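A, B, C and D label the chains in the order they appear, each numbered from 1.
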């Protein structure tokens, strides 16, 4: 059984009698212990996808449709209190900005303990011992001291480790991390990513890593899902996708990234701007910026097709090939 | 922390001097003097000079201030020109009444305000929210004296639950304190609501939900606890505004107190009384603000660190 | 090649005050005795992590902040000694493109009005038609249409705003631009657009650039030479094409090794830096990087290395620079 | 490049405010109340069923009836006429005193915020001290100094409330001073004057507008309180506060003399508060102190 099976996930918001659908038709699966990278630019809906799986979208008034099967249970059918038992226990979440994700008025140790007590039903002492163990595992120097400190007294890297401790302390089956290292410096980013990889492999936790940084994905993930303007455009094995990207967007995106030793003048750009949810174009949403656009791309949205080798892509270029072949 | 408290306490001394200088000079700007009202018609220039010398009003202003200050510090606040009794006695007779009224009003402001603020923030954009906010808005828009009069009409005249005026027992204190406290409650409720709603949008609240905590725990243990900081700040800053209503309320309920004493003295141009009661009221407000500031810097770990 | 800009022994420190009586809590040496040159027509990169002083450096050169000591010479003249009037004149030639396109324009002004402002400040008299022509030329130069001029900042995307900011910086036909992380807030696809635009503009307008960024890969692609900064000090100045292979300073090498490349599964040399950037207050004597350096030796904790020439035409500040042989492993 | 649309579709910040206001029910209710008040203030003489000062000894302390919709006072004067006429005084006192506060506050706040250092420390200390003092005490003392009368009430209220605006403007300017667009303008060689008055002040004004709107309501309440304490406009001027003051003596005989002016004032102040609160959302004002 898959760990997570997301089918036709869509979220819509209604404001002033206008409805916008920032994400729609998102389907993918994750196996236990797998590391899936979800990549996309601003407005691609990658964070919203994570929030929807965590059941956090209703907080901001979003209506979720489709199905999110976790461990065989459709999370969308759970009641609010049932969902509370899943959140933080079986699925944990690392939010975008570690600098501001801890409650400023409580000691960081108590914030780890809070989740442990709630889900593992531990007493204060056992929870504290476990929290200190976790901090040790996360290579937090002098855990006893840090336990007593407040968030503003810690550096960004340390805060992020505390947030990770909160996330993995309850031994979840799935960890969703939303841009976990974007706010950190490169050298600290490398430390944190290495920790991430070690811990999830060690404990067999499935990791969904959401980022705009293709470099991070290339180094850490097994599978990749590429989002553009609220749609999943390509999904596949990490090496396959990076070696031979199928979707014109994925290909163009990879060409936009400078690397050390790149030849001058060879940096390609994708002209135009990422559309926002209020003005998504009709048909394939990448069509206005695509170099290979065909007439029907601007008429209707291409279905996701599965190619040989398990890669999936939503592009008319491939529907024709598969039909022909 | 204690060093900080001590430093802040010492800072009250220059504030006291600044305030006393300002009040002293302002009062001497008031035209007309009480001597005229003491002197009957047909009195001579000599009588006047004698009286002026008696109250020390013939000396240059800075000298008068220094004399006054010396006396004030030793507990002698001078003689009331009209009442002919020591100002200190008048102050210490009236002060407890104002203190009781002030403290009970503040308690009402704080607890009622916080209660209204929390329920309206928790039930944002529902019927409960609207009702709570209308109560809060009325508290801020209605002047205390009018509310006092309406409360008398409703609860004393029609229902006969509370006495109309006077100051003897606790039941005398209820209506005045409600009249003053409702304004403060409105203020506190509005600040609590806004600051809680602001907290709901903070990143850390998202993580709390993601941890699987229940909404009630998040609201009370985290969102409210954080929202309390700005509430305390505003409360300290607006203490004077909340207690300002007490002056007119003492008149409405014919209660003794510094406010009504000040007002009577102001009409009769009784300088020493006006001066002393203004200084007492202002210092009370400043000390109150000082206490809230200490509470604030203790309650917020971030501020606590700055003053370590 | 001639030097356009020469920075010599530039230093600035900030006093952090706090408490009631504004007592001094500590002193941060934000820029510590820095010297370098920018050659006419070159793109010089400045790279470093947050808090290394790269943005402060930009503001010092433009005199948005006053330096404590040192000199900044433009074409041989020390602009730090300029009077306000001379400096106002000098600013025509030196402009800056800012990091955050979201707040670089006054939100109450249309783009057109923001782009007219440089002319107004210079008291350049234009007729309405001339002004319009001038602004539209600027817009066209950065790939925007006259239509965008009528918009308010909140109506444009991040990339469009950044183009508008570039147009603003070009209004007075400067010779030299400081680019302070101009793409840090943008998506990669838009970043590439802006980088390509800047390359085109440099060709067309014969500009000299000082490019500040935290992204070593981007800097090494875009620039001719790169200055690597750490905690207010220059640790290395290196030719951009040698960054990946011939770094002398261990910090430069660590930065290179810590970049996540887009080649999956590529084995990295084990060079993850442990520890974090130390607090900038009261730095220890010796090398600023010593506390995190994998090659640290006792001398490093005692005396601070000075910036010296190396065999590859660059400069480094290290007692034990990495040999090329070592890097090859 | 994507299309940005035609010229007519570009909305200046002001146009956005007007559009958003029209969609805000509570805000529109506030606007309606304020507009009605202004109309009443202008046309009071035409609307009054009786002359506001005509005494009618035969009809003293009459309860509300068909003849006198809101009853009569202790001199038999028609309450409705007096309340309508009182709107004029309240409105003028409110607006004029807020104008004084705003001018003083903005000058002090802008100087403190822009120049900083010792100037800032001194000005802020004075403003904080004034702000923490009960406005009613300050106003009472000032009226005692200047002497009674409507003008001195306006001046006294204006001088009691300036510190709030000074604090607001100072805070805004401090936070904007370091913003990127100010730095960008400075790097073009703009003078302090241009930066302060073309960029900083116009961008700081939103919270001041909110505070001033609500401030008019506060000033009306303060005027009434002064009037009630006998330190406001002097009889026979039909100020709402003075009306209630003279009504207290007859509280148990003719409560309507107290109730109706109070309700009129409550609705007025509510109008300014609703409008001000709506402006907080509409103008996206972040400063918490602006609508207190």
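Brief remarks on what is shown
The rule we apply is simple: a contact is a pair of C-beta atoms (placed from the backbone, for glycine too) under 8 Å apart; a residue touches a chain by one contact, two chains touch by 3 or more.
These numbers were taken from a predicted model, which means no experiment stands behind them.
The chains in contact with subunit A and with subunit D alike are B, C. Looking at C-D and A-C side by side, the one with more C-beta contacts is A-C. Centroid to centroid, with C-alpha atoms defining each point, subunit C and subunit D lie 49 Å apart.
Averaging Cα coordinates per chain places subunit B and subunit C 54 Å apart. Averaging Cα coordinates per chain places subunit A and subunit C 32 Å apart.
Work out the mean CA point of subunit A and of subunit B, and you get 53 Å between them. Residue positions of subunit C touching 2 or more other chains, listed in rising order: 157, 160.
Under the contact definition stated at the top, not a single residue of subunit B touches 2 or more other chains.
The multi-chain contact residues of subunit D, meaning those touching 2 or more other chains, are 1-2.
Listed in rising order, the residues of subunit C touching subunit D in the complex are 59, 62, 64, 87-88, 91-92, 95-96, 98-100, 103-108, 110, 117-118, 121-122, 143-145, 147-148, 150-152, 155-157, 160, 165, 168, 172.
Interface residues of subunit A facing subunit B in the complex, by the touch rule stated above, are 54, 56, 59, 81, 84-89, 92-93, 95-97, 100-106, 114-115, 118-119, 150, 152-153, 163, 166.
Residues 128-129, 131-137, 140-141, 144-145, 147, 217, 221, 224-225, 228-231, 244, 248, 251-252, 255, 258-259, 262, 265-266, 269-270, 273-274, 288-289, 291-292 of subunit D touch subunit B in their complex. Those residues of subunit A whose C-beta lies close enough to touch subunit C in the complex are 41-42, 155, 157-158, 185-191, 193-194, 212-216, 218-219, 238-239, 242, 252-254, 256-262, 264-265, 267-271, 273-274. Listing the residues of subunit D that touch subunit C in their complex gives 1-5, 7, 10-13, 179-181, 183-190, 194, 199, 202-203.
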